Every structure is written in structure tokens, then in C-alpha cells.
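Multiple structures are listed underneath, in C-alpha cells.
Below, subunit A partners subunit B and then partners subunit C, in two separate complexes.
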Partner chain A sequence: MKPGTVSTALKSGAIWGFIILELIFFSVAGEFLSLSDKAFMDWDNMLLLLKQSAPIGIIAMGMTIVMVNGNIDLSVGATFAIAAIVLLDSMTWPIFAGLGDWVIPVAWLLALVVGTLLGALNGLIVWKTGVDAFIVTLGAMLGYRGIVFMFNGEQPTSHLNWTLVDFAEAEFLGLATASWFLLAATFVIWFVMAKTVHGRNAYAIGDNREAAVNAGIRVGPHMMINFAIIGFLAALSAVVFYSESGSVNPNDGQLYELWVITAVVLGGTKITGGAGNVIGTFGGVIAIQLLRKGLGHIGADTSTVNLVIGLILVAVLVLDRQLNMKGKEELKV
Partner chain B sequence: MTDAKPVLRLENIVKTFPGVRALDGVSFSVMPGEVHALMGENGAGKSTLMKVLGGIHQPDGGTIFMGDDAVVMSGPLEAKAKGIVFIHQELSLAEELSVAENIYLGELPTKSLGRVDWTRLADQTNAILQKLNVGFDANTRVGDLSIANQQMVEIARALTVDAKAVIFDEPTASLTDSEKVVLFDVIADLQATNVGIIYISHRMEEIFKITDRITVLRDGQYQGTVETADSTEESVTQMMIGRTLDLSRNASHHALGEVALEVRGLSCSKHYQDVSFEVRRGEVVGFYGLVGAGRTEIAETLFGLRDPSAGQILLDGEEVRINSPADAIARGISLVPEDRKGQGLVLGMNCRDNMTLPQIDTLKAGPFVAQGAEMEIFDKYHKQLDIRTPGWKQQVGNLSGGNQQKIVIGKWLSMHPKVLIVDEPTRGIDVGSKSEIHKLLRALAAQGYAVMVISSEMPEVLHVSDRIVAMYSGRVMRTFTSEDVTEDNLIQAISGMTSEQVA
Partner chain C sequence: MADITRQQIGSLLAKQGILIAFVAFLIGFTIANPKFLTPDNVLSVIRSSAILGVMALGVTFVVISGNLDLSVGSMMSFSTIVVLDLHDKIGPALAIPAMFAMTLALGALIGFLVGYLKLNSLIVTLGMLSAIHGLTLTYSGGKNMDIADKEGTWFSVFGQGTALGLPIPILMFVAVAALLGLILSRTSFGRKVYAVGGNGTAATFSGIPRARTVFMCYLISATCVATAGLIQASRSLGSQNTVGQGLELEVLAAVILGGASLLGGSGTIFKTVIGVLILGFIQNGLLLIGLQFYVQFIVTWVIIILAVWLDIAAKRGKLMSPIA
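The block that comes next holds the complex of A and B.
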């Protein structure tokens, strides 16, 4: 067996083992602590969980490719909110008045284009200035959120289109619309990262940027594409979610970046880039949602949930480090 | 060869970095089927010239010709498209990716939808690997390979494209003798297909073995081009450093002192077993063996980086346990590591701060770092080791490879260790500085330091050592004194042959 095999296997399997542990724990604990008498492991409950994972999950797929690339995007929560406003507000614009329900695809398209452009703008700045993505997107996070507040002050932006709500609440083969979008996003990004040249280059750049430059990969444009992808997915997430809810508060999407990053890291993506995959991220998303739901099920409040997830995140990083050291054979650092 | 046109011609290339004129009007040409050596001291501008050619740096002046056309290498991609392959001095690989992906980085074969064509990739790669006769396959993760094998991956890149010119920037620095043979075969094959080859190395014996012409740079200036057949080591050295070197052994026979370090029956699981030796004050002990013989691991154990599984370490006759590098440093053991980039240097930090890093705690004036004391240390070793840098403020990452190595050595010398362990101390270092470092190691011994030198270069161990410990596959085969050692019996010892088998 090659060195590192154990740690790799453990890491790729670990998130699923963790999910199973969670399921067992909450099922058993639920018996004693739960306020409701419904079983935790109920099928409908699990389907609901998948649906509720969608907003964070769709963005997390984009974050995986961005983080494997060696970057990070802190502005996704704000992009999410902007896209939501564009979606809901544009349906009320007088120029689209004559379109009837055709306004829906137009509004979707507008929101997705705006999200993609905002992401691409981040990428362009990272590319052209060489400033660290952390700083650039931190600025964007504040800036984009500022735009959200400029638009409607503290007021929510609302518009309900019943055709749209019907679509969002529809189920196909037992899965909700949002769940389908999550699965589709996962599949597409998996395909890009595992199968395409663009995806493999993302790994190479995150692993050793100089080597990638030397090999003639155009690192700047490459990274911009990934930022555009995550911008698109942040908008897609908003579009899916607000089609159903129909009302966006200016604070919506706040802290999403942190949930998303936590899910990606739990799913085994290296924070420094170069390694990770969306299947792991999918596991990370599910694990977090399970934890939130499970803790709620046994009566814990939000602050406890945050505390527990924080602790788990640190524990995972410590464990990961331990495993990686074993891979390098007893050489101490 | 005389009637052919050069594949490549560089004319009056000028390149300046802040504070350094790295290239000052350098001209240079390569004929098809020629192996052209580029030589010069550390920091002379060899790598920079090649980076200009490879599109990584843009020249401030001068022209590159391919055939009769002046060309502009706007980037690595363009250089590659024009048939220039660059094997870099520092490994330039993505460790998490497979061998195949690294070899074809930037030009993975595709099928529809931008998908990587994995079968084609693996087939092409395995065909190349077969030619190189290496013991790993296309799907191996590069991070799992030894440094030497990683170097072979770099070399494999030369065979992927329809190359017009291939640049090898110090390819043999970490190769074993048998891998070198493979490399030289590869070069001969390329030569046979009329590829022009540029070969950078500080190892004279290689230069004289495989090159046709030699171009020498000094301080960024062109010194001239000579036919290898008409030259000697002395004449080339003269061109490089402006003087000749006294290469005779500095057998300064000073009296040896007490045993400073003794190792008894030391083992470390599968890396080495039952190793015993001693090093006296005033003595240089060389450790010679093939890559993988366990020498580096012994050094790491003595420096507290690895726990031994059995055996004793005695310092000044007293048994000690060394738990960490901090422990080792406190007891007067210093290690100049093999992999300077990974273990020895903070590339983004300046020269002076790198040098004083391990003793920064002791250089305090109140809560602040004593700048004066730091400067003193830097100035001393800057001079002593002849480090080429525009000043202490330069980031170490911007120094030439050899000068980076000197910073590491200066760093540990400044600690005044009792036992100094140097692992491949002159890898990538030019002949002039190499002999300076050898002199320095001898001088340190004469001052009463106990010195361990790990080296894979036979002339080096023969040159500096009072005694030589020959290792093979984790075991000490024999210990030689400078009187009874010969090249032959040293080679026998490190290839695992016992004297009975030989007889």
C-alpha cells in the first residue's frame, strides 16, 4: 500500500461515516429528548432535509472549485441577496408587463446573469491586481451587501408569482424542485472537476501555481471563470429559494459564506487548495444540515448548534492534520 | 554541424531586476543536435537567461531569433508552442496530481465537452516512462515519489512535445548515477533527432562528458563560447571566476579532540538499522551512499525530527534524548537540510531575517529584535560565503539557487554549533563557492567543531572527510579512514558488496 492511502481513504470516507453516526445519535437521542413523537429517521423528514440543504449546497459546489483552485469567495451571501432582489423585483418592472408568465424565465435569466457578472468581477480583480482572493471578496462581501441595502433600505423586497411558486413547490419523482437543482449542480460541477481539462487545471493551480504558470496555463482567466461559476451558483441558489418564498430581506444570505466554507472543509477540501471534490462537499452539506436539524429535534437552540458545528470543524481540521502526518511517516514537525 | 543554421539565437539580451543587472547584453546560440553547456557562478544569470527564452521573463532589451525570424516569447505557452521545452532548476510539479497530469500539464489531451482523454493520457505517458526506464506508472501521485523520481517526471516533459530546443537547468542535482545514465541517453536521443539542447550544470565531469560547446556567463555578462573538446576544467573555471582554483585536498592535519557525538546501535524502523559511529571534535566524517541509504534519516533523527526505535545517542559521552529541533539546537546540533526550499528557507522573507531566524530569541534588545546584531551576523556570512545578493533586504525567493543554499549554510554556521550536520551541502553550488564551502567545513573542524557531511558526490566526500562512513540500504557497511579509502572500495561498499564477495 502506498503511503497516504490510509489517510486518503479515511478522509474520503470519513464524512459519510460521520453522517451515519449523526443519524444513529439523533435517532437514539430523539427517542428520549425529542419534543415531537415523530421519528428522526423518517423518510419524509430526510427528503425535507435534502430540500433544505439546497441553498447552501448549491453554493458549496461552486466554493469547492474555487477553494481547490487556491482561492476563496466570501461574497457569496451578498451575491445571493442581490440575485434574489433582481429576481423578485424584475418581475414587477413595467417593461416586462406584457410578458405574462414569460416574465419568469426572463427574471431568472436576469438574476443568473447578475450573479455571474458579480462573481466574474471578483475574479477579474483577483486576476488583474493580484490581490489575495480573501481580501478582494471580503471587500465584495461588504460592497455587494451595501448595494442590497441601498436598493430598498431595511425593507424587504417581495413579489409572489403563483405560477413560480407552483413550480418551486412541485415534486418530481418524489424530490422537490430545490433538491433537483442541488443534485444537478453537484453533478455538473463533479463532471467539470473530475472529467474536464478546466477542472484538472483547477487542481494544478491550487496545488502549485508556479508550476501551472510554467506549464503555460493562463491562471488569471482560469480563476475568473471559477469566480463566475460560483457567482452563477450563488444566484441559482437564490433563484431556487426565492421562487418559493417570494420575499427577500436585506439581511438574507448573511453568514452563508461561513456555512458554505464549513461544509466544503468538512467534505475534505484542502484549505490551501489542490485537493478536494464535490462528492465530499455534498457529504459536508448533508452533515451540517443533519446537525442543525438533529440538534433542533432534540431541543437545542441555534446558539448550541453553532457551538457544536464550530467544535466539529476544529476537530476535523486537527484530525486531518494528524492523518496527514501519519501519511508522511513519523517525521515530526 | 558547421553548415547548419542555429535553431535558436539570442542577441544582446538585457534583463534587470530591482537592484540587479541579471543579464547585461548576453548573446548565445544553439545548433541543431548540439548539447550546449551554459556555465557560470551562482547568480551569474543562467536561469534568468533561460527564463527569458522560456517566456517567463520579458527581456528589457535584445532579440531572440528562431531560424531567421525574430520572435517574442510573450509567455510560457508561446515558448512551448514554438517548441521550447524547459526543465526547471527547482521542481515545478503539482504534488496532488498524477504523474501523467503533471507531464502533460497545460496540454492534457481532450475529447468532446472538454473532457480529459484519460486513456490516451495514460498510454502516451506510459510510453514515455518506459523509455525513461523508471519504476512508477502514469497514475502515481507525484507527491508519493522521491525527489529523484520527481526530477524524472520533469525530464519526461521534454519528450512530450515536438521540441526544437530543450533546456535542462541543473537536472542532475538530485539524481543517482544510474538515473543520470538514463538522462544522458535521453539527451543523446534528442540530439539524434536534431533538437538543440541547453545544459546547465555545475558538475564539470558531466559537462565534459556530454556537451559540445560551453558558453560562460559572469555577473550577467557574456564571457565567451568555447568548444568543449578544446577546453579543460581549469580553463573553464578561469573563465567563470577569473582565477584558477587550488583543488588539492586541504589535509590540514590538526589534532582530534574528544568524541563529541557517538551513536550506538541506532535504528529507525525501516529507514536504517543498527547504525554506530562517532564523530570527534575537529573531525569531518563523510557519509556516502546511494540516495535512500538512510543517511538523511539519521541526520533527521539526530536533529530531533524522527524518533529512533532503538539505540543510543551520546553527546560528550552522555546519553541524550533529542525530542525536537529546539532540543537539538539547545544541545548544539545543527542541521543544514537537503531540501532547502521545503525545510531550510522562508522564501518570502529577506536574506538577513532568514539567516538569523533560529536564534532570533537570543538577539533581543528588550522586547525588540536587535537589528544591529542581526546585521552583524548577516554581514559576516555574506562576506565569508560570498553570497550574491543586492542587499540584505532581498527576498530569498529571488536569489539564484546556489545563493539560497549559501543562506541556509550561513544560518546554521551563525549558531556556532558543536555538531554541524550538512546534508548535500554543495548541491547546485558553483565550483568556486564549492571549494569555499569545503574549505569552510575543514576550517570549522580545525576550530574544534564536529562535522558530519552527507553527500552523494564521491569527489566531495573524498575531499573533505577525515573518515567516511559507507552506507547501503540502511546499514553501515564499512568505515574508512582517509588513508585506506579508494574510489573502488568505496563504490563496492555502497552498492552492498562485502569484501568477501569482491574477493
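The block that comes next holds the complex of A and C.
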């Protein structure tokens, strides 16, 4: 056995081990603490969990490729809100009045295009100005949110289209529409990152940008495409979610970036880039949703969820450091 | 000749660009609305910027040392809630030091994790953002916190009082800025902060205690947060659990606007003060010329990116990035 095998295996499997621990803990604790008679590991409950993971999960897939690329996107929550407004508002525009239910694909397309363009704009700025992605998307987070508020002030934007609601609430092979979109997004981004040149370039650039440039990779357009992808996925997350709910508040999507980044980091993606994969991210998304649901199941309130998730994030970091330090010489300070 | 002029303009922009932009803003808004530069308006802008400003002063230390602090917003909610709660339980004279001690303990925890364990500050403080928010909600039980006797307490002096004809929040902001400015520019600790942020490895080899310096920066940040929480609590004498939510990013925006590099090693207290004032005056100026409140977010977006872009463009001597 080569040195480091244990730590690698531990790290790649850690998120799934953690999920199993969560399941056991909440099942056992639920027997004593839960107010409901239903078991935590109820099949319907698990299916609901997958559906509820979708909004964060779909965005997290895009965040994985952006972070592997060595960048970060803090503006996804605001992009999410803008796409939701475009979706719901465009269905009431007079020019689409004659379309009947055909307005739905048009509205979806509009929202997705807007999300993609907002993401691409971030990417273009990062590429052309050389300003750090953290700063660019921090600014965009404020700017895009400003656009959201300018649209309708503090008022919610609402429009219910029952055909659309039926579609969003439909189930196919036992899985809800949102769950299918989450699985599809996971599969597509997995394919892109593991099987295509674009994906391999993402790892190369995140690992060592200088070397990637010297190897002839066009770093700028590459990063812009990844920002467009995360913009698209933020919009996709919004259209899937708001097709069902039909009403968006201007504050919706706030702090999504933090939840998404937490899921991605729990899933093993390095914040400095070059390492990570969407399967791990999927695990991170599920782990967080399990924690929220599980703590609710045993009667804890949202405050405990925040507390526990924050502490787990820090604990993962400490653990990761301990595992990585084995066999490495440390600079004595 | 033309080249030299362009270089000179470039270096002038790089060094004083933010100050020039600030003055240009003031002139522009004053022309648009003469009320803008009246003493009353200026005082009210600085006063409402004071809470954000005090926090930004502490975060400046953290950023110069090469780290980030995303937890200041929820930490500020925490100290506000704690001091309001303890005010009625043990009286203001004891509540204030108790709140400072509790906030400093949180700062020490973050400082330990980032400084001594060398964990990534972005993720640690992201986790602490969530954890401290949970802690605050647990502490308050999710309820708003109010002081029972709002008229009869001297506690309101920090947020509402005046001295020497100036509001106390402004005086506190100025005092903290002066103190931290002296520490950063005139003491050996200040030089260590720059050294650690500029090149951590080199600093270590020069015998600078890197871990302890980073730890101290987070303690300073926590002290500033506690001060901001004190002003906030005293101003409103009641508070929601989410009073500081989202402030961490506005604070960071102010620090970056002031020209501190996220890579560490650069930035000054004076520039951060300018960054804070720019944010405050833009917000106020846009309202005075009749624009919606939300326009400031969009303007801030453009200004942050332009400020950082011009800064690095001047340093590399080219406007566009060399990325292929």
C-alpha cells in the first residue's frame, strides 16, 4: 500500500461516510425525540429530500467547475433572483399574449439566456480586467441584487401558470421534476469535467495557471465559459423552483452563495482550485439537506442548523489539514 | 514625452486614484444638489456610516495580513443581541464588558483556526458566519431583543448622544480610526501585519511570529465588531437577530474600495476611511438627486470593479489583462 492511500480513501469517501452517519444518527435519535410517528428513513421522505436539494444542488454543480477552475462566484443568489423575475414576469408581457401555453418555453428560454449572460458578463470582466473573481462577483452580487430591487421594489413578483405548476409538480418514475433536473445537471457537469477537454483544462488551469498558459490553453475564454455555465445553472435552478411556487421576493436567493460554497467544500473541492468533482459535490448537497431535515425531524430549530453546519465546515477543514499533514514536513513557526 | 506623461498619470491614478474619484464625486453631487455638502448632511452621512466604518477598520487589519473575515456581520448581530439582553439582566455597566469579552472570544477562536492552525480564512469565516448566526438565534430564542426602559437608561449615549457638538458615533469612529491608524503605521506590530500579508514565508524566516500576528488581527477585528455592535444597540435600543446580515460584504467592499489588496500586504486605515465615506456619500448623493435607494447597489458594483481594475492596471502598466 502506497503512503497516503488511507488518507486519500478517507477523503474521497468521507462525505458518503458522513451521510451514512447522519442517517443512522437521525433514525435513532428520531425514535426518541421526534414528534411524528414516521421513521426518518421513510422512502417518501428521502424522495422529498432529493427534491428539496435541487435549488442549491443545481447551482452547486456550476460552482464546482468554477472553483476547480480556481475562481469563485458570489453572485449566484442574485442571478437566481433575476432569472426568477424574468421567468414569472415575462409570462405576463403583452407581446406573448397570443402564445397560450407556448409562453412557458419562451419564458424559460428568456430566463436561462439572461442567467447565462449575467454569468458570462462576470467571466468577461474577470478575463479582460484581470480583477480577482472574488471581487468581481462580490460587486456583481450587489449590482445584480440592485437590479432585482429596481424591478419591483420590495414587492414580490408573482404569476401562476397552472400548466407550468402541473409540470413542476409532476412525477416521472417516482421522482419529482426538480429531482430530475438536479440529476441531469449533475450528470452533464460530471461528463463535462471528467470526459471532455474543457473539463481537463479546468483542472489544469485551477492547478497551475502559468503552466496552463504555457501549455497553450486559452485561459480567458475558458473561464468565461465556466462563468456562463454557472449563470445558466443558477437560472435553471430558479426556473425549476419558481415554476412551482409562482412568486419571487426580491430577497430570495440571498445567502445561496454561502450554502452552495459550503456544499462544494464539504464535497471535497479545493478552494484554491485544481481538485474536486461533482460526485463529491452531490454528496455535500445531500449531506447539508439531510442535516437540515434531520435536525428538524428531531425537533431542533433553524438556529441549530446554522450552528451545526458552520461548525461542521470548520471541522472538515481541520480534519482535512490533519490528513494532509501526515508525512509532510511542516515549516516550524 | 507622451509616454512619460501617461506613466505619470498612471502612477498618480494608482496612488491617489480613489481620493481623486472621491473628490470628483463630491463635486458632481454638489453641483447636482447644493444640499449635498451642507454640514448637516455631511454629519448625517458620516454618522450613518459609522457602524460600517468601525467594522471596516478592523477588517482592514485582517485583509492586510492576507486573510478575509466574512463573519463580521453575524458577529455584529451577536454582540448587539447580547448587550441588549444583558443590559436588563446585569445593567449596562457590566453588560458592555461582558459583551466585549464574548465577542473577543469568538474572534480568538477564528484567530486560532486561521492563525495557528493555518486554515483557509475564507472557509473558516464562512463557517463562522453560519455558526455565529445560529449561536445568536439560540441565545435569543429567535425573538427580537428590546430594552425594557428605553427612556431611563444612559446606555443610549453611544448611539444617540453628542459631545463637542458632534454625534458620539462619529467621535468613536474617528477615535478608533486614529488609534488603529497609529498602530498600523507607527508600531512594530503594524509593520509585522504588512510583512505577514506581503510574504508570509519570508516573514516567518525573518523571525516574525506569523501565527500570533494573524491571531491579533482577528482580535482587533472582533474588538471593532463589538464596538459597532455597541453603537448599533445603543442607537436603536432594540434589535432583530439579523441586524448585521450582509454587512460583511459591504464592509469588504469598503475595504477593497479603499485599495487594500485581497492578496494582503497593502492598504491603510486612511484609505479604508475614504472607502467607507465613498460608500456612504454615494448612497446619500444618489438619494438626494432623486434616484431610487437600490441604484446605489449598481453604482457600488461599477465603482468597486473600476477601482480595483484601475489599481492593478496602473501597476502592470496596461489597461487590459494579459490573460490570453
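One rule holds in what follows: the second predicted complex is superposed on the first by the 323 of 333 C-alpha atoms of A that agree within 3 Å, B and C clash if a C-alpha of one lies under 4 Å from a C-alpha of the other, contacts with A are read in each partner's own complex, and residues count from 1 in each chain.
One rule holds in what follows: a residue touches a chain if its C-beta (ideal position, glycine included) is under 8 Å from a C-beta of that chain, and two chains touch if they have at least 3 such contacts.
In this text the structure is predicted, and so the values were computed from the model without any measurement.
After overlaying the two complexes on the shared chain, residue contacts for A:200 are found with subunit B alone; subunit C is out of touch.
In the superposition on chain A, contact of A:215 is made with subunit B only, not with subunit C.
By the touch criterion defined above, A:20 reaches neither subunit B nor subunit C. The partner of subunit A that touches more of its residues, comparing subunit B with subunit C, is C. Within the superposed three-chain model, A:274 lies in touch with subunit B and out of touch with subunit C [touch as defined at top].
Residue contacts after overlaying the shared chain place A:95 against neither subunit B nor subunit C. Look at A:138: by the touch rule set out above, it reaches subunit C but stays clear of subunit B.
Within the superposed three-chain model, A:305 lies in touch with subunit C and out of touch with subunit B [touch as defined at top].
In the superposed pair of complexes, A:173 makes contact with neither subunit B nor subunit C.
Note: residues 213, 218, 331, 333 of subunit A belong to the subunit B contact set and to the subunit C contact set alike, using the contact criterion stated above. Interface of subunit A with subunit B (complex): residues 2-4, 195-198, 200-201, 203-204, 207-208, 210-218, 274-275, 330-333. Within the complex formed with subunit A, the residues of subunit C that make contact are 113, 117-120, 122-124, 126-138, 142, 201, 204, 209-211, 246, 249-250, 252-253, 256, 262, 292-298, 300-302, 304-305, 308-309, 312-313, 316, 320-324. Residues 54, 56, 75-80, 86, 88, 92-97, 101-102, 105-108, 110, 113-116, 140-141, 143-144, 269, 300, 304-307, 324 of subunit B touch subunit A in their complex.
The touching residues of subunit A, when paired with subunit C in their complex, are 74, 125, 127-132, 134-136, 138-147, 149-150, 153, 213, 218-220, 223, 254, 258, 261-262, 265, 271-272, 301-314, 317-318, 321, 331, 333.
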